[in-house]
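There are structures below to look over.
Shared between the two complexes below is chain A, which has chain B as its partner in the first and chain C in the second.
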Partner chain A sequence: MKYYTATYWAFFKTSLLEQFQYRAAMAIWMIGRILEPIIYLTVWTTVAQTRGGSVGSYSPADFAAYYIVLMLVNQFTFSWIMHTYDFRIRQGELSNFLLKPIHPIHADIAENIAYKVMTAVIIFPTAILLFFLFEPNLAFHIQTFAVFLLALGLAFIMRFFIEWTLALIAFWTTRNEAINQMYFTLGLFLSGRIAPIDLLPDAIQTLANALPFRWAVAFPVELMLGRLSQEQILNGFTMQALWLLAGFLLIQLTWRLGVKKYSAVGS
Partner chain B sequence: MYYLKLIWIFFRIGLLNEMAYRVNFYVQLLQSLLSLGTAIAGLAIVFSHTDTLGGWEAIDILALLGVFMFVGGVIGMVISPSMSQLMDDVRLGIFDYTLTKPCDAQFLASISQIRLWRIIDILLGAGVLIAALIYRGLDIGPREALAFAFVLCTGGSIIYSFWLMLATLTFWFLRIENILHIFQSMYEAGRWPIGIYPHWLRYILTFLVPVAFAITVPAEALSGRLTPDSLITSGLLCVFLVVISRWFWKRGLKNYSGASA
Partner chain C sequence: MGHPILPPSTPHSQKLTSPQTHITFRPCPTPPTSPSYEVPQREPGLGAAIKSLVSRTTRDVEAVKNITFDVAPGEIVGFLGPNGAGKTTTLKMLSGLLHPTAGEISVIGHTPYARHKDFLNRITLVMGQRNQLMWDIPVADSFERNRAIYRISHGEYNKTLDELNALLDLSDLLSKPVRNLSLGERMKCEIAAALLHRPQVLFLDEPTIGLDVTMQRRIRAFLGEYNRRHSATVLLTSHYMADVEALCKRVIIIHHGELLFDGDLNTLIERFSPHKTIVVDLEVERADLSAYGDVVTAEGNSVTLRVPKTKTADVTGKLLANLPVIDLTVEDPPIEEVIEQVFSN
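Entry: the complex of A and B
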């Protein structure tokens, strides 16, 4: 345990220093992730106003709360690992990771956390600004918040495991863009970014319940907003746990097979 | 005539380059179809809850989507790759070779890279636009068509000048290729009519990152809601930005001294 904390701390510090060099680029790359929820918030607010006040159970103030929290949840759970892995494998950079006496996923998790810590400086003020601009209907209860943090933590690890597994497909194909885009497209609909899940057609809702996207993003958001019953919350945690387990097993399998397949360029 | 010939040559080089990687065609086709499908599904979800969005009917927003893809395709095919190339060239000093050619350097730099397969987006965009117009029963007269062509050209020139100015900054600051990403991110907002956004965002999308003139205004022209005001503003802003960006480019050039000299 002590070994892991020390290693994580070391990875975390190096990543933090490394990323600090790219702070301007980092801020620019965040524009899209901040703008997207604002776009859909505006679209749905406009729809609500056209309909005379609300869409389903969402008023404009509910949409505002939903999308501001969604922006935060998405920011804290997302990873870019699917985009970096094919580079790593194609360029043979992975060899450096293989030489270290620790599973490479730890360095990636530490790097991701370092990035989230660093970008918190941007995302929190943005959230506060949006809070004043859009006047969301968001009540703060300490118990709900505690449960939300748990769901957020699970969502982060679960999403990271799944995206890391998908990233490993790069061992077999050298072109991942098409797969990445499909995953991204599914995520757009099924994780509640285009619209809250309740507003989607029934068939898509059923799909969203089965796949991990909803449990990684929409579930913590709805939880924070106090829109879920106790039963729904339990169900959500169960789904998170199941997908977490599935992700964990898939990583073991694909990593073992993939490394066998890997031959560094130039060797 | 000379310039047209040059464009044709660069086009052919682009084609030859792409022919070496034919799989890319299918990858691009898949990605373009996927993003078209995503956009239409998104529209379907929104319009399953309402009939109009900020005064726009579904079919008008579909036409807007066509313009969005068309303009996005043009940017992705020529403007974005050429401007990235320009920034790389300036950093590496290869830009010397562009300057020594007996042709206007701004022109050469603006068409130096052509990613031909992005033409799929242009064609799909045009297809969606035409389909939307046919569905509406081709109810546009020559005046609307002319206004559309006019604001599409001015909007395109506005976008081009904006990119050129961003890329020209490279003459002073070498490592700023990420600045181009600002535009890519903001462009996404253009898939919905700018009018629905809050004031501050509308302002940004109109004057700071002029997405509005390239997408919303042409789409307005097609659905007959173009005001003379936007038509004139678009024309004036186009002239202004083309002149300013040209001036800025010349200033930048003076600042360029080559990387190894």
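Entry: the complex of A and C
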């Protein structure tokens, strides 16, 4: 445990140093990540106003709360690992990781966390600014917040495991972009980014409940907004736990098979 | 020297893990059990590209076939062969990056591709064309990352770093981002990074590639020193024969994935070069020495002759007796020539 703390700290520091070199690029990426929820928020607010003040159970203030929290949740749970692995395997860079006596997922998790810490200085002021601009309907309860943090933590690990597994498909395909794009598009719908999931048709809701996307993003958001019953919350945590376990097992399997398949290309 | 960890004692592996052996590379000698890789195969051209959409053909590539060797602890072995001979592939198998399809490989008592932590903690692989240092951050920070990964205590780390510093002269480089270093500077840092954990077994794939002569000599001297100080086992590939001559008593030569020679460098020269070179300086100019042997060059009063090895003493005696000789030296032909000879056989 002490070893992992020390190593994570070392990974965290070097990743932070590295990312600091690319602050401008990072700021530009962040604009995209901030604009997306604002665009959907504006669209839904307009729709709500033309339809007499609300869509389903969402008023403009509800949409504002939903999208501000969603922006934060998505920011803290997303990873770019699927794009990284494509490159690592194609260029043979993975060899460096394979030679080290520690599983490469640890460096990736630490790097992800470093990025999140680094971008927190942009995302939190933005959230506060949006709070004043859009006047969201968001009450703060300390218990809800505590449960929300738990859901957020689980969402992060679960999403990371699943995306890491998908990233490993690059062992077989060498180029992963098509799969990445499909995952991204599905996620746009099923994680509640385009619209809150309870506004979508029943069939899609059923699909969203079965797949991991909802539990990685929409669930913590709805929880924070106080829109979930106790039963729904328990169900959400169960689904998170199941997907986390599934992701964990899938990583073991795909990693073992993938490394065997790896041909350490290049030089 | 650490104690090799003994794997399950099958009759075969017992022999492999004797304390006298650090590395054992024994892929089975005959197909279909020799190590091979499946690679997609496709004819060039658009038509073939479209065809490959529906029917994919793969073929098994045997990168290495009849190669077996053992390396004792503390040995430095030069691993030679032309481009594409299978050197890098063999090193990748030995360091656990590639899974051979058959055969038996043992390094310090481990099967490399199992990538056991104890194994990874005790080996290193340096590839001259690949870097492990993080491109955008100072070298020292990458080192610190390795310190954590390899559980090196601060005391040990500082000691090792001092030593590496003294031998490789790194002090000015440590605070610079890797991208600002020259190729030679980067290579020094790469080697240092790869040795921070004091590995017992070093796999070096062209560690001096692209470097100028001074830097090559420096790295060569360093590797020799590291080997002496830590009794490390070194398997080295290089296209620079100076590296091999300076460091390796023993060489292994492979070609088309097969072993051509394994033994003493001197034996290699003896076996594959039945000639010696005699350089004579004479008091007279342009003497015709073709009666004594093949004249390689004749410039001014210096003549270079190539003579069969068995006749060296005879020819030397005649030259000294019959001609006004100022100076005479007998040399082995350059190692490059010998290696070329090996490949052409």
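Note that in this section the second predicted complex is superposed on the first by the 265 of 267 C-alpha atoms of A that agree within 3 Å, B and C clash if a C-alpha of one lies under 4 Å from a C-alpha of the other, contacts with A are read in each partner's own complex, and residues count from 1 in each chain.
The rule is simple: contacts are C-beta pairs under 8 Å (C-beta built on N, C-alpha and C of every residue); 3 or more make two chains touch, one makes a residue touch a chain.
No experiment lies behind these values; they were computed from the predicted model shown.
When the two complexes are overlaid on their common chain A, residue A:Phe11 makes contact with chain C while staying clear of chain B.
Contacts of A:Gln21 after superposition: chain C is touched, whereas chain B is not reached. Of the two partner chains, neither chain B nor chain C is touched by A:Leu245. Shared-chain residue A:Glu36: touches chain B; no touch with chain C. Contact with chain C, but none with chain B, is seen for A:Ile102 once the two complexes are overlaid on the shared chain. In the superposition on chain A, no contact is made by A:Leu253 with either chain B or chain C.
Those residues of chain C that touch chain A in the shared complex are 37, 39, 88, 92, 95-99, 113, 115, 117, 120-121, 123-125, 127-130, 132, 134, 136-138, 141-142, 144-145, 147-151, 177, 205.
Residues 24-25, 28-29, 31-32, 35-36, 38-39, 42-44, 46-47, 50-51, 55-56, 133, 175, 177-178, 181-182, 185, 188-189, 194-195, 199-201 of chain A are the ones touching chain B in the complex. Here chain B touches chain A in the complex through residues 23, 27, 30-31, 34-35, 37-38, 41-42, 45-46, 48-54, 178-179, 181-182, 184-186, 188-189, 192, 196-198, 200-201, going by the rule given at the top. Listing the residues of chain A that touch chain C in their complex gives 3, 6-7, 9-11, 13-14, 17-18, 21-22, 92-93, 95-96, 98-102, 259-260, 262-264, 266-267.
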